[in-house]
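These are the structures in question, set out in turn.
Both complexes below contain subunit A, partnered by subunit B and then by subunit C.
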Partner chain A sequence: MSTARHTPLNSVAAHAALIAYTLIALFPVFVIVINSFKERRAIFREPLALPDAESFSLIGYQTVMKQGDFFLYFQNSFIVTVASLFFILLFGAMAAFALAEYRFRGNTLMGLYLALGIMIPIRIGTVAILQMMVATGLVNTLWALILVYTAQGLPLAVFILSEFMRQVSDDLKNAGRIDGLSEYKIFFRLVLPLVRPAMATVAVFNMIPIWNDLWFPLILAPAEEVKTLTLGSQVFIGQFVTDWNAVLSALSLAILPVLVLYVIFSRQLIRGITSGAVK
Partner chain B sequence: MTALKLDRVNKSFGKVQVLHDIDLTVDEGEFVVFVGPSGCGKSTLLRVIAGLEDATSGRVEIGGAEVTRTPPAKRGIAMVFQSYALYPHLDVRGNMALGLKQEGQPRDVIDARIAEAARMLELQPYLDRRPSDLSGGQRQRVAIGRAVTRQPQLFLFDEPLSNLDAALRMNTRIEIAQLHRTLGASMIYVTHDQTEAMTLADRIVVLRAGRIEQIGAPMELYNNPANRFVAGFLGAPSMNFLAPVADAPEGAILGIRPEHLRPEADGPIRGTITHVEHLGGDTNIVLDTRSGEKATIRMFGQHRARVGEEIAMGFDASHGFLFDAEGQRLG
Partner chain C sequence: MPGTAVSSHAPRIRWHIVVFLAPAVLVYTAVMILPLFDTLRLALYDEVEGQRVFVGLENFRTLFGDPNWSRQFWNALANNFWFFLIHMAVQNPIGIALAAILSNPRLRFSGFYRSAIFIPTILSFVIVGFAWKLILSPIWGIAPGMLDAIGLKSLFAPWLGREETALTTLALISVWQFVGIPMMLIYAALLSIPDEILEAGECDGVTGFSAFWKIKLPLILPSIGIISILTFVANFNAFDLIYAAQGALAGPDFSSDILGTFLYRTFFGFQLQLGDPHMGSAIASAMFAVILIGVCLYLFGIQTRIRRYQL
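On to the complex of A and B.
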């Protein structure tokens, strides 16, 4: 696999490219974080300067803590993201396994039908979704968001995971069948661990859009007790005045949980790649 | 008692029929090898016996009990796969124990059977290792060990040596033969390699395009093939098919094995040498005959022969086979 020669020059060039990319990618985050620790005037006077003794201020964070129930927003976002990811991975993997493993009439059609969702944005159906949620009494509950995000994430999850599941050795599954494992055990104990890298990919792909979404929380769950972080932060952005300290502080805080989730999933990703399971 | 009985087994995938009316009986303790070119249905037949595929019609009996619709785990079989198919998340001990745990065997029985299998296959040092830490040969021994611990009525091997290198293949082949002698168990073995078939089998089943061409002991098939396909498939180098030299029906073909041809100054078959293989113990000479066929002579010992030389050959009439135009044996 590693046919590329490891000359020092190659190595330096590769690292330079990676470092340059990292700097570009992290720069906006960096600007947000440093400015969240500055007072309002310093943000506009020297946006790129680090906070010093004169300009340092926690006013933004204080506002965020005082205004609204910020920890509740955090909790709501976290519950919605984790629950949605759980259901996307569980149902996506199950559907993918069925499509990849069993021969049945309409298998290909079913796969295409499930993949259609990748091409049609779920937001087109917002009005219908809202009507359904009203009819079922789910408006202003976290379940409304979880269900919508699960539906939104499933098509891509099924598509990616079924591709990976086709690669899992048939012999392994058959060995399980001969040893008396049920189809569920084969799925959970043999196949899922082997497609863990793909699961991590799906999780990472779905996590960020769900965490950052403003549209559905605004429409389906705007009530105070079910507000998500993104929606909660909107109170600082006014039509005429925007409390930039608070906005930047809220954004800085919002990065943290995603970072934690990402670290968890990316670890799985690396572990999956390096385990070298079959053959 | 019969270990396996197949009665008019058919298998179709959609419109494609891959097995045609397979009838076969395997006696207890017998080692039967299914052999044939790729795509002949031998693996499918094994999977039908294992229960991984359902027969479209027909009847499968294992150990006297009908199992045509029984799930694989309840058929009293164990299977060894070409790709080993070890559970990557379990160590060697766990791999061997899983099937027994599923059967609900008590702890001490499981331990005893694993110890026995590990001793037999010399796996004791590896019991706590993961499959990823083992070499190909060791993995295949673990896969065989996993089958042995089940104490099945019937062992199924699906090309178990195909992923091993040549030296290891020979050693493992001997191990499987010894295992068969030690356990006295009934075994079915699928391969496309005629050497494995000839060396391991009590009986060989030759398959082609989903049909059984011939069943018999290795030497029986070698010395008395029912048709041109079986004659050509068994034996290496394979049988020569030439125009008949004596009186023969219209369209008939003469089959003669390379080792039965010998140089003879006024022999009936003449040709030009195109290639010579010196193997030390044997010398193989490939030639183009006057009538435009390719022929191979296999001679014991070392012989001088040069490409481009003219050569004449003869053979004992008793060693020749005649086949009709359809490939069926004549006389």
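On to the complex of A and C.
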């Protein structure tokens, strides 16, 4: 590497640009979180000051805890996200294995059919989805959301996982066959453990859009007992719009779980994106 | 191919293939494909005295012919295009620039910058919409206060509350949220460029900016194409941010109305307006057509023409 591309001046400029953009990216989150810990007057008087002994207050959080059932919302979001991911991964991996492993008539066609959903958003079919959920009595249940998110996540999951499954060595699978393993055992015992990194990538990709979705909870499951955290905070903030303490605290509470998940999974997520899984 | 050990012209069905494929195909077909076509079909029906009757293209005639409907539709479509243009003109260049800076192998803390800049992307639209609404609010005064600090207070206006600026402001908020995605994808593309090519360029005196324009940019064009079509599809079915920040009426006076909010209002009803699943289906069909045209233009018009280099 020559030094021509990396003069100290360039590097200072690079850091300046990146720091500037990092501040732009983090500033709104920072402002919301610090103000959620302040009393009302301090929020307006010095919005950019950190909470100190005088201005510190948890009144907003108390309102949120009293008025909104955020634990229930959180639990609903958690169940929907985990169950959807489970079905996306299980069904997606099974279908990907069938497409990658066996040659049968209609294989390519089936692959194309499943890939259609990568480009076409499932929201277009909302009218008929709602009718179907009403007809089957699934409306206002978590199952409605789990089914929709599973269908939404499957196309990309099958696409990514089948790419990875093609790389699993044939010798290994044939050795299993000679030892008398059934096709199911070959899939669950030999192949699945080997594609675990790809499964993690698919999981992380799907997790964020499912957790953050507002459209389907709003339309398919708006009832109080099945509200997700995203919908719950949207409704709560809409009702408490003039109570700044409560709004800021609710926003902070909604940011927190995502941020924790991100800190845990960010390496996986970034590795997933940069490994070219979405080419 | 081990599967071919069982010869493919044998008449017996290999049940394990069916078992492996069935769950995914069933859920995908029942919850995604059938409703999609059912929505297209419902667009051809209407409700007359509690009965669903076939009306052919009548709903579309209303949508495009009735002045009240067509004004709303074209307004939403035009706004949607403006929303998309802002993303293309602001989000992707910033994303590419950040990725170009980050891809410098000597840069320190690049992992930290990458993770930090990606944080807005993981937040929900509800958080992003309300957070910016508060920050830009003239009542709270963070935005005017900061502009005041650099002597530009006169520039401040209640951007989200004005017809001329609301949509552009929302588009820029969305850009702020999603810059992380083009940044990451371009970053990955830039990392896959072999050092030998850049070193060969250096020997010929192509360094710094000209190396970026003449060597790297042509090599990452396919990634830019993919990002553009992903942005297109995401923008033309966007809804959440506008709903969270401006409500279903996409105010002020529908100036930030896009196809997603228009569909929601029509299908679900809002305030005095009653929900109409059949007009909703007609709008959904129009959205489907727009997205389909966009994807086809990309697949046949752009993707086949982009030069790809074997690295």
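By definition in this document, the second predicted complex is superposed on the first by the 200 of 279 C-alpha atoms of A that agree within 3 Å, B and C clash if a C-alpha of one lies under 4 Å from a C-alpha of the other, contacts with A are read in each partner's own complex, and residues count from 1 in each chain.
As a convention for this text, a residue touches a chain if its C-beta (ideal position, glycine included) is under 8 Å from a C-beta of that chain, and two chains touch if they have at least 3 such contacts.
On a predicted model such as this, the values are computed, not experimentally measured, just so you know.
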Partner chain(s) touched by A:Leu194 [first = subunit B, second = subunit C, both, neither]: first
First, second, both or neither for A:Met65, with subunit B first and subunit C second: neither
A:Met94 touches, of subunit B and subunit C: first, second, both or neither? second
Which of subunit B and subunit C A:Thr126 touches, first, second, both or neither: second
Greater subunit A contact set [subunit C / subunit B]: C
Partner chain(s) touched by A:Ser169 [first = subunit B, second = subunit C, both, neither]: first
Partner chain in contact with A:Val204 - subunit B first, subunit C second, else both or neither: neither
First, second, both or neither for A:Arg177, with subunit B first and subunit C second: both
First (subunit B), second (subunit C), both or neither touched by A:Tyr21: second
Footprint overlap on subunit A, where subunit B in one structure and subunit C in the other make contact: 174, 177, 275-276, 278-279
In the complex, subunit B residues that touch subunit A: 47, 50-52, 71-74, 77-79, 81-89, 98-99, 102-103, 131-132, 146, 158, 163
Subunit A to subunit C touching residues, read off their complex: 1-2, 4-6, 10-11, 14-15, 17-18, 21-22, 24-26, 28-29, 31-32, 43-44, 47-48, 87, 90-92, 94-95, 97-99, 101-105, 110, 114, 116-117, 119-132, 147-148, 150-152, 154-155, 158, 170, 173-174, 177, 182-184, 187, 208, 211-215, 218-219, 230, 233-234, 237, 244, 247-248, 251, 254-255, 258-259, 261-262, 266, 269-270, 273-276, 278-279
Subunit B partner contacts - residues on subunit A that touch it in the complex: 169, 171-172, 174-181, 189-190, 193-194, 275-279
Subunit C residues touching subunit A - in the complex, by the definition given at the top: 1-4, 8, 14, 16-17, 19-21, 23-25, 27-28, 30-36, 38-39, 42, 94, 97-98, 101-102, 104-107, 109, 113-128, 130-132, 134-135, 140-142, 145, 176, 179, 184-185, 187-188, 191-192, 195, 199, 202, 207-208, 211, 226, 229, 233, 237, 239-240, 243-244, 260, 263-264, 267-268, 277, 280-281, 284-285, 287-288, 291-292, 295
